[in-house]
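This structure is in structure tokens; I'll ask about it shortly.
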Amino acid sequence: MDEVILRFLWIYTWFVLIATIGLGLYGIAVKPNMLKKIISLTILGDTANVFMIYVGYRAVYPIKPPVLWTMNPSKEVLENFASQITDPVPPALVITAIVINMAITILITFLAIQAYRLYGTLDSRKISKLRG
Amino acid sequence: MFRYLTIGLFAFTIYILFSGSITLYDILTGLIVSAIASVILAKTLVKEDSKVIDIRRLFWLIAYILHYMTIIELRAHLDVAKRIINPRMPINPGIVRVPYKTKTDYATVLVSNSITNTPGTVVVDLDEDKKILYVHWINVKAIEPDKTYEYISKTFEKYAKKIFD
Amino acid sequence: MEVILAIAFYIGLALVVIGAISDLIGALGMLRFPNFYVRLHAATIGAIGGAVYPLIGVALMSPSLTSLGTYRWYLMGASLVTALFIAMAAPTGSHALARAAHRAKVVEVYPKVVDHLEEDGK
Amino acid sequence: MIPILHLSLISIVLTLGMVFAYLAISERDLLKAIVYSAGQAAMYVIAFYLLMAPDIVLAYAAVGVGVYSAVMIIAVKKTERYEKP
Amino acid sequence: MSKKNLVITSITLTSIVLGLIISLGVLGPIPLTSIRPLGLFYALFMANRNITIEVFPLIVNPGNFWAASTEAITAILWDYRGLDTLFETSVFFFAIIGSIALFRFTEKEEHEIRKKTHENHASEGKYLGLSLITKTITKIILFTIIVVSAAIALHGQLTPGGGFQGGSAFAVAPLLAIAALSRFYLDDIGFKKNTMLLLRTMGLLIIALLAIIPVVAGIGSWQAYIMQNQPKEWAIIQLFPPKGLGVLLGSLVYYNIAELLAVGAGFTIIFILLSIPEEFYKKIIEKEGVEHG
Amino acid sequence: MVDPVHHLIGLTPPITVALAFALPLLSLIVKSRRFAEVYGVSATAIAAILTAIAFYYVYLVKSPVVYTFGAWPPPVGIVYEVDKFNGLLGLVVGVVFLLVAVYSIEYLKHRSGIEWYYTLLIGMEAGMLGVLYTGDVFNLFVMLEVTSVTAYGLVAFYRSRKESIEAALKYAIVGSVATTIYFIALAIIYGSYATLNMAQIAFKTMSKVDYFFYLIGGDRLWITYTPMIAVGGAAALALALWAFSVKAAIFPNHFWLPDAHPAAPSPISAILSGLLVKVGVYAIARFLYTLFHAAQPEVLVDSALKYVVEATLYALIVLGALSALIAGILMVAQSDIKRLIAYSTIMHIGYIAMGLGLATKLGLEAAIYHTINHAVAKALLFLAAGAFIHVVGTRNIDELSGVGRLMPITTLTFIIAAFSLVGLPPFNGFVSKYLLYMAFIEKGWAPLTAIIVISSSFALIAYVKIIYGVWLKAPVKELKGIKDPSPIITIPLLILAFACVFLGIASPYILDKVITPSVVDLAYNPLNYVSEALKILTQALGG
Amino acid sequence: MTLEEIARSVIMIIMPIFIVAFVLYAIRAIRGPTIPDIVLAIDALSFDVAAFMIILAIYFSSPFLIPGAIVLAVWAYALDIFVAKYYEKKEIGE
């Protein structure tokens, strides 16, 4: 029984993540407003990050973050540590991705503000009409 | 000069509290960080040097925190919790004037934040010239300034004057 | 010394339990109350009763948690700083929101017995 | 038992995040959309916490709840608030 | 409308297919209980010098894989995969430079705007901002958050945190100062755009120098590599002491400090640029549009 | 004792980016326009010298070179793995950037914000070299973002022009969606292969036991092959190639390019068209041929993966053919000179994709040679068109009538570039198009050669229209004082024109000595690529 | 039973209460109706999550999970201030 519930929850979470990614793509593709596109972009990027972290998760107990609590670990401490921690690689990659997404989002927002100054609108349909 | 030292000490305390350990590394970096923070910000935080050396104010502050956190808060929490759980209990909210008599910014802020932190009363606005706080009160018992002062802010102001004025 | 720590521990535990209950009450109030201004009071219960009290409780509990080693002081310090911080920030945030909502007139003050702020023309 | 509790918590939080994301995308008032996306970020912060990534919580709480919303609110202030159909 | 429907259908279908592939095929229908060996390798060897445990039997000298840190993520970020982080900060740097280039103005124009608005708004420590309560509390929070962010960054090699995390926590300080007080408060405490750009580039240059300096120190023997932290048998240069002042040090501390400086200053630049009023830019762009056509 | 040249190869991107960091600081101190210009040129010159050293080393001494950052062996740390393929492309990048940096001095002399321009330019070069040299899939993502973010900033450099802001906005949104998709692909790669190192992934796709993980120890689950891994690899390959096809502007993901490339300043257009799309092509080639062994599908350990790879190859051919045809048709209809050249880029990327999709030795040679030829010729074309625009001040083809005779050098270089791109002998474009032709016939797909002929003839029509107008038509505008621009502009043009001719005439020698070895390194020598990384790991472990 | 086990079992009991409270806050945030309502709900939610994070750190006996709490709280406060500023002033920088 436990096994079945665990499996259901695991697959359900994957589906929720993929559906949110789909939502983000939908927002970027369909919504005409530039700021709305940017919001969708942040949602897409954030969900991709959760996706990456979820890859590194393991269903054991007790589970701990990969931080050692002593400076001179003995063999026992290390073996104990190895059986409890999550994978440290996905968090490291995700931090990089968060910074990158944030930097690009900020740059795009600046571009959108500048576009509003020039065009007087943020609607991408109107912008492509006015380009001339 | 004292303001820099006091603010620096305060910063150092927070740094050590947040690091949670006292090695040489923590102390050294803490000293550097608190020095930088106090150099940048002390001049906008403290106006009068003479007040910060007064130890009695610190005691009043501790007494106030104990009194406030144990008695006043608990009573107010119970009152509002009753209103939430019991659907028949009436709420008759409104925004009333509450005068205040404190002189410095910090005292005013202490009074008004204490009022907001007490469930049942929230400071919506304040008039610095007329010295009036506009308080949203969940159960308006009185609307005259004297009585609202009595109900809402008298205790806080007593402490605030001793701590900051 | 151990007795004092144990007493502190139990007080802390009680505070944590109180925190959980006030959190639930605050959430219920947020849901039940009819208007933004009234919900502010429920949010206060959530922030002070539901966050500051349990944080102080954790700070009182942490010296007894010996299995955490020296990091129990880290737990204690961080929870104290966070408690202090929330005690300062929560009321200010509520006040700022309420004032902005009243000035921009995005929320009607309803139900109301009296509104002196509107009478004074702000 | 305990992994199940943990996983169900994660799935609740992520589902709420998805609801917030849907609201953020479908809402026409941009300010409201931004606030909803801040809510989604708060949910993801809890998810990161439960997935045992404290570093990400530190970085993402700042970026997702704070910087994105702040920059977007300034952008809305400088441009226009309502999305036209 | 039909185009919209097409997009919706295609995205839904893609999502479902992807979901099926990923949840059933790739990552398995049941959650993992074992850890990937690479992650375990990082986590075990970051902090110990002498012990091998049974999962890694073939490693002869574990001291060779020591990163002088107890926090695996900071160790990966700044030591094992340090190059990623160097270029990640440079992405942020180029985004800021791009923003500055987009919102560029000359010094004369900047002087003009400052003179015109500063007199109206701020005089003798009184800022327009929000209410008195908000202003006072924000000043205290500003001060608290500077200290806390420094603590987060400086303990990056021991507890969760690090340069970027500290810097992004610091970013709330300029933001709150702009929102609750006003942008003249930032001017008054010395957070000006050019100063911040100076700090930003300084931080990045320190990072780049820390990366390159082992190679420069190893000229002649060529036994040191870019971004090297602790000595290895095949790379023997040691510049950064592994322990000192009662904690683990390594090069991670210096990287974290530089990154804190760089990220904090970078966010400040962005918020300063965003807080400049709109009429000012409109004027500049009109003028430029006339000049360049 | 490591060869010092290895350190120089490893230093190339970090030192370039460090030079970019220093420029804003120095320009705050030295407030002079001349300083920023000289600094930009010298920084790109340093990078060009370093890439030339790398090229020389991998061709004459040892290939591939593995440089370990922080002295961490391959799966543990990031490595740069330079073989003949990316060494060659690195040299092209270095040279073109140097010429563009020189050209920009004159071209942008009336613009403000030159220090930001050069900072972004140097940063873009660092990013591009990083994409080329890296041997780590996640580092590839980071470097791709460095190039992208600088490209967005540079496209929007004319900030008061409506079309450039709009193009930059569109480009940025599309580009960041693509990189996010690539990030998801990376999550799947890490989830199934448990590694990020290219050599290790290449090893895992062709072997049942992972020797890397065997060496560092670890769980048996991750050492041995499971069918799950193959499905993960297929999903990751599909997502990653989709993302790269946006970067490379292959149909149907080409729609951002005709807006973005013309909107930038001309030297940046040259880089975007000549080099940046090639970065996408490089990533596609690396993923397909080194990581997933598309040239020798028989070495793949899983048959499902084999089908996916073959399907991808067909898809590349079809999409390449479509982009070549569509871009060719649209080219004729353009009246904006830069927009016309941008459509030509899509066409040539179509040719390269077709060459990559063939997966034969001749096809790959054609694709790689065409990559280089197109980089040189397209950069020349954009720079020459930029020279017209700089002098005359318009981008409309009709208004350029008659200026050709007043600007002989510019017109000559323009004609060389155009003829080279159309594929007329003796220029370089002819050779690579001929190779592609032969590759199709060799594979037995002769009808597809018609696509090359048809689209090339469209291109010929479009270019002849321009050249006729520029050279022979009566001027519509007043042409007083128009003459060739200063040598700062014409010298880069002449160098690139000479390169066009040289790459055409010396093609037998170049093909034999340069292109074929690089194809072998890319696609036919996977064990060499892997074993170099493994050697470092074994040394490091002390075994 | 040591003190720690007592703490963990008590937290185990009260954990569902917190979760229910979160869901209720989230429902208020989803329902709105006005923007100050949503912001207030997210604000209260964040403060409680901050407290819950630190309590759960005891439950998982892992003190490294806590520093996120103060960062989340400070940014939730910043969100308040920003929305307030949006409503009160013409320019953000004033």
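A, B, C, D, E, F and G are the chain letters, set down in written order, and residue numbers restart from 1 in every chain.
The definition used in the following text is that a residue touches a chain if its C-beta (ideal position, glycine included) is under 8 Å from a C-beta of that chain, and two chains touch if they have at least 3 such contacts.
In this text the structure is predicted, and so the values were computed from the model without any measurement.
**Q** Figure out the least number of contact steps between subunit B and subunit D, where 1 means they touch directly.
**A** The fewest touching-chain steps linking subunit B to subunit D number 2.
**Q** Relative to subunit C, which chain has the most distant C-alpha mean position?
**A** Greatest centre separation from subunit C goes to chain F.
**Q** Distance-wise, how many Å sit between the C-alpha centres of subunit C and subunit D, to the nearest whole number?
**A** Taking the mean C-alpha position of each chain, the two centres sit 22 Å apart.
**Q** Measuring from the mean C-alpha position of subunit A to the mean C-alpha position of subunit E, what distance in angstrom results?
**A** So the centroids are 17 Å from each other.
**Q** Could you put a whole-Å number on the gap between the CA centroids of subunit E and subunit F?
**A** About 29 Å separates the centre of subunit E from that of subunit F.
**Q** Could you say which residues in subunit B touch two or more other chains, in rising order?
**A** If we look for residues of subunit B contacting two or more partner chains, we find 14, 18-19, 112-113, 123, 125.
**Q** Listing for subunit A: what residues touch at least two other chains?
**A** 6, 10, 19, 21, 25-26, 38, 55-57, 59-60, 63-65, 67, 69-70, 85-86, 89-91, 93, 95-96, 99-100, 102-107, 111-112, 114, 118, in rising order.
**Q** Please set out, as single numbers or ranges, the residues of subunit C touching at least two other chains.
**A** If we look for residues of subunit C contacting two or more partner chains, we find 26, 28, 40, 68, 71, 74-75, 78, 81, 85, 88-90, 92, 94-96, 98-99, 103.
**Q** Subunit E touches which residues of subunit F in the complex?
**A** My answer: residues 1-4, 7, 10-11, 13-15, 17-18, 20-22, 24-25, 28, 67-72, 75-78, 110-113, 116-117, 119-120, 123, 126-127, 130, 138-139, 142-143, 145-146, 149-150, 152-154, 156-161, 188, 190-192, 194-195, 213, 215-219, 221-222, 228, 231-232, 235, 539-543.
**Q** Provide the residue numbers of subunit D that touch subunit A in the complex, in ascending order.
**A** Those in contact with subunit A are residues 1-4, 6-8, 10-11, 14-15, 17-18, 21-22, 24-25, 30, 33-34, 37, 40-41, 44, 47-48, 51-56, 59-60, 63-64, 67-68, 71-72, 75-76, 78-80, 83-84.
**Q** Under the definition above, what is the set of subunit B residues touching subunit C in their complex?
**A** Touch residues, subunit B against subunit C: 14, 16-21, 69, 73, 77, 80-81, 83-85, 87, 91-97, 112-113, 116-125, 127, 134, 136, 138, 140, 143.
**Q** Which part of subunit A faces subunit D closely enough to touch in the complex?
**A** These residues of subunit A touch subunit D: 2, 5-6, 9-10, 12-13, 16-17, 19-20, 23-24, 26-27, 31-33, 35-36, 38-40, 42-43, 46-47, 49-50, 53-54, 56-57, 59-61, 63-65, 67, 85-86, 90-91, 94-95, 98-99, 102, 105-106, 109, 112-113, 116, 121-123.
**Q** Which bits of subunit C are touching subunit A when the two form their complex?
**A** My answer: residues 68-69, 71.
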